[in-house]
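The structure that follows is given in the form of structure tokens.
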Amino acid sequence: MAEFLSLHDAVARYVEDGATVAMEGFTHLIPFAAGHEIIRQGKRDLTLIRMTPDLVYDQLIGAGCAKKLIFSWGGNPGVGSLHRLRDAVEKGWPHKVEIFEHSHAAMACAFEAGAAGLPLAVLRGYVGSELPSVNDQIKYIECPFTGERLAAVPSVRPDVSLVHAQKADRKGNVLVEGIIGVQKEAILAAGKSIVTVEEVVDDLEAGPNACVIPGWAIDAIAVAEKGAYPSYAHGYYPRDNRFYKDWDAIARDRDTFQTWLDDNVYNAGGQA
Amino acid sequence: MSNEYTSAEMMTVTAAKALENGMTCFVGIGLPSEAANLARLTHAPDVVLIYESGTLQTKPEVLPLSIGDGELCESALTTVSVPEMFRYWLQGGKVDVGFLGTAQIDRYCNLNTTLIGDYQAPKVRLPGGGGAPEIATSAGEVFITLKHSKRTFVNEVDFITTLGFGRDGKTRDGVPNIGKGPTRVITDLCVMKPDPETKELVVVSLHPGVTRDDVIEATGWEIRFAEQLETTPTPDARELEVLRDLKARTERKHAGEA
Amino acid sequence: MAEFLSLHDAVARYVEDGATVAMEGFTHLIPFAAGHEIIRQGKRDLTLIRMTPDLVYDQLIGAGCAKKLIFSWGGNPGVGSLHRLRDAVEKGWPHKVEIFEHSHAAMACAFEAGAAGLPLAVLRGYVGSELPSVNDQIKYIECPFTGERLAAVPSVRPDVSLVHAQKADRKGNVLVEGIIGVQKEAILAAGKSIVTVEEVVDDLEAGPNACVIPGWAIDAIAVAEKGAYPSYAHGYYPRDNRFYKDWDAIARDRDTFQTWLDDNVYNAGGQA
Amino acid sequence: MSNEYTSAEMMTVTAAKALENGMTCFVGIGLPSEAANLARLTHAPDVVLIYESGTLQTKPEVLPLSIGDGELCESALTTVSVPEMFRYWLQGGKVDVGFLGTAQIDRYCNLNTTLIGDYQAPKVRLPGGGGAPEIATSAGEVFITLKHSKRTFVNEVDFITTLGFGRDGKTRDGVPNIGKGPTRVITDLCVMKPDPETKELVVVSLHPGVTRDDVIEATGWEIRFAEQLETTPTPDARELEVLRDLKARTERKHAGEA
């Protein structure tokens, strides 16, 4: 049953050093506030899962929180590279990060399979790609009906998932609307889940088939206004494209990054 | 408006023309997105654009900066989850054309967006595959657009992120439930198509003012030219106007944000 | 691209004798009008697929359209038996119908897999059930990551699917709302699809994540007002529970059934 | 209101009491649905009811006649597709209790809703498994409610549609990712629980006025009784009132429909 906690308390309670953590939001509703809280609390040795690591994992990796990264597209969307991710992978700064690389299709299916309680996802994938040669988590099964060889990947079943959503009602039911990505899957696949929301309302005003996640399927809800900034929240605020562009220069240099982190995360109190 | 145009515009307009009205196109971000939206705003008003963020049949007023801009969702017929997008719409066989960009491409149309150098000790780490590996195999066919240079057109890609036809041109042979693969590559210099037999890329059309030597210079292997080498039609005034308006609108919108 | 046709023409064009046909709608939005049109056109040797055969398949089976039935729950919901189905299975009237019996979970997964273009569905299913001993379409795979044995069933990929929905817009995009069952999956999994709708509107007025099926994924749309009666259409008309109860007596006897069929289907013109 | 009640009411009220507030319950139609909604309207206002039609956390004002009545959708928190219901919510491990009815049950709690007689030449063809086979294995535990008679309580079911504990009581042993299985059976005569060791059903509580012989008479095998045999608490006035109101509302609603 969802408990309303401060973001600090939710992260302190559910994100342990060494945990496998998924923070989802496909371009939209990226849980930046939650990511900053994880950095502030100095969590270490996390296995980070996310289809599109984006700036949020660039920050976590640069801050030294990550040991492994499971992902399928590690760029700054529309801008270029994630320099902190590259620095970790190419130069081992602040330390080496092991990567497990997939395609979007495989990651999406792996989240789906995790939500569905299965140990594996099956897809027609990776044909002719060399990713299976560098990722031993990609295997194959044979269809017992047609003999077709299909790819199999382990389902995603994180210790804890963190997502951002537009709103929760007072019972902790959460509405996610717009580009919904794999947010629902991330929550349902996880051992524990934390949802940050823009606001808590009396009535979600959701349509009959809206993407509503019941409070009893969530562990903690924390209000984090503008919690997805600089990404966006459909119906609340737009994406700050300029910040994404600015990030390129900030993240390119270790010192600039460190200063940014000091100013905007470590010394930014409860929310950045 | 004069009919002068840049080589980038030539590339985009030519790429746009590849899309026929009514086709369903799974759109990659960047150049493919620009071309696909230009097609929609010119000769192909009923082209159906799908982005991997889950936005089905979207009609953005401005070009998205990311694959999941709010604009894509607001102008979409509906937005589905990302697993549904990849399972039902792409793998389910609903996509006619996958429209992709790439960092590297080789003579067999294999694409590399993973890294330069060795996987375990990369010289340059690129973003990775994203949607491309399965777009390239599940879509009916694949169009590719990118700028022509020796850095991008290499003899053999450092890593096959996304299948063209494999290192020997034969990897699709006999594989069940697989699309035709790349059917054309549009650059700022020319249009290329795979040889029907060997699958090696062949230049079929040179953009006006581009010479064979220009293409040879910019290609990392001994590039072949079709016997019937054509000249790519130039952009007309309306195409250029719509493209420039689109880009100007896009710039204003993105500059204006927060 | 969806073409607007009369129901007669849609069925005449796309439903062939011997075809594999899925008519979906989970209690809600059952395509009765389409079923009656199939009966009127005297289609034969159909392989009928449906999670809950309901009255619509009782009618098709009683009318002699069916050769095989793939299903997971064959009753009159809230009332009792499907007497025409039982008469066919138990007594071979009007002729023998071969049955392939599943659980709901397996059928739902099989529709999902069909929509996803896969040859099989994988689920944690049938443990300890004797259904696998009577249905050789239930097989097993071993998870290459955990060794767990999981059930596999062939995906559902009908030649043609027929569903009923609330409304289409003038471009043939269709909104399904309320209990959406496996309708979307049925359409996407099929070679050809026919959607009957209550009405055609200018604007679907759908939310951002509504269950909207684009016109280009549908072959034919036919307007069939009250096309789901005696089941219901959320927002249009309620379920006629009394008809469901009355059906028990109608269907119990071959002659009463035949008379009902004459009066309500064969001699009922374009729509019954 | 007097405290007199029928044996059917006794069964429903007792079944309702099995559900604890806050539990998530996957509800079968008929008796389980009646009991689950009574629980929600009495001692367990926050019990979460899920129906296989995709309706999540539904609070119907009247009892549904079918598993997919409009009432279930209109009063639900949200309604998901049927594949999602079975994959994410049931198989995904979100259900505490599956609440099932059955046509036949045997000493090891196996359920038959498929047929009487032989599968290839059935004497009576029943509706089939529906959601039950996986509800019984994926839910944390299973409650079963049905009327007690020799026709329903048989020594061995004609067909195991849905697993209790198998023909030898051991089928769940060592199976990964499986629920506890049936933990109680509530009839109009008594409450039974599986023996912790052998899994054979044992009567743990007799309803007031019911004798051991009544149960023995109505059971198709040599039924065992717990050493500490209890008497089931009688329904109180409020439970009966709420149940009768619910059934009256239901009858009025369904009679009033077209």
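To keep things simple, chains are lettered A, B, C and D as they appear, and every chain counts its residues starting from 1.
As a convention for this text, a contact is a pair of C-beta atoms (placed from the backbone, for glycine too) under 8 Å apart; a residue touches a chain by one contact, two chains touch by 3 or more.
Bear in mind the structure is a predicted one, so any value in this text is a computation, not a measurement.
> Starting at subunit B, find the fewest moves between touching chains needed to arrive at subunit C.
The least step count works out to 1.
> If we look at subunit C and subunit D, which chains touch each of them?
Under the touch definition, subunit C and subunit D have A as mutual neighbours.
> If you average the CA atoms of subunit A and of subunit C, how far apart do the two points sit, in angstrom?
39
> Measuring centre to centre with CA averages, how many angstrom lie between subunit A and subunit B?
28
> State, to the nearest whole Å, the distance from the C-alpha centre of subunit B to the C-alpha centre of subunit D.
Distance between chain centres: 57 Å.
> Out of subunit C, which residues touch more than one other chain, so two or more?
Within subunit C, the residues that touch at least two other chains are 112, 117-118, 123-124, 146, 148, 178, 180, 184-185, 208-211, 234.
> Listing for subunit D: what residues touch at least two other chains?
In subunit D, the residues touching two or more other chains are 73-74, 79-80, 87, 91, 138, 177.
> Output every touching chain pair, sorted by label.
Going through each pair of chains, those in contact are A-B, A-C, A-D, B-C, C-D.
> In their complex, what parts of subunit C are in touch with subunit D?
It comes out as residues 26-28, 51-52, 71-75, 77-79, 81-82, 85-86, 89-90, 101-105, 108-109, 111-112, 123-131, 134, 146, 148, 178-182, 184-185, 211, 232, 234, 237-244.
> Which subunit B residues qualify as touching subunit A in the complex?
By the definition above, subunit B touches subunit A via 29-30, 52-55, 64-70, 72-74, 79-83, 85-87, 90-91, 110, 114, 119-120, 122-134, 137-138, 159-163, 166, 171-172, 175-178, 254-255, 257-258.
> Spell out the part of subunit B that touches subunit C in their complex, as residue ranges.
For this pair, the touching residues of subunit B are 22, 24, 48, 56-57, 73-74, 76-80, 87-88, 91-94, 138, 177.
> Give every residue of subunit C touching subunit B within the complex, in rising order.
1, 112, 115-118, 173, 184-185, 188-189, 206, 208-212, 214, 216-217
> Can you tell me which positions in subunit C touch subunit A when the two form their complex?
117-120, 122-124, 137, 139-146, 148, 150, 152, 154, 177-178, 180, 207-211, 234
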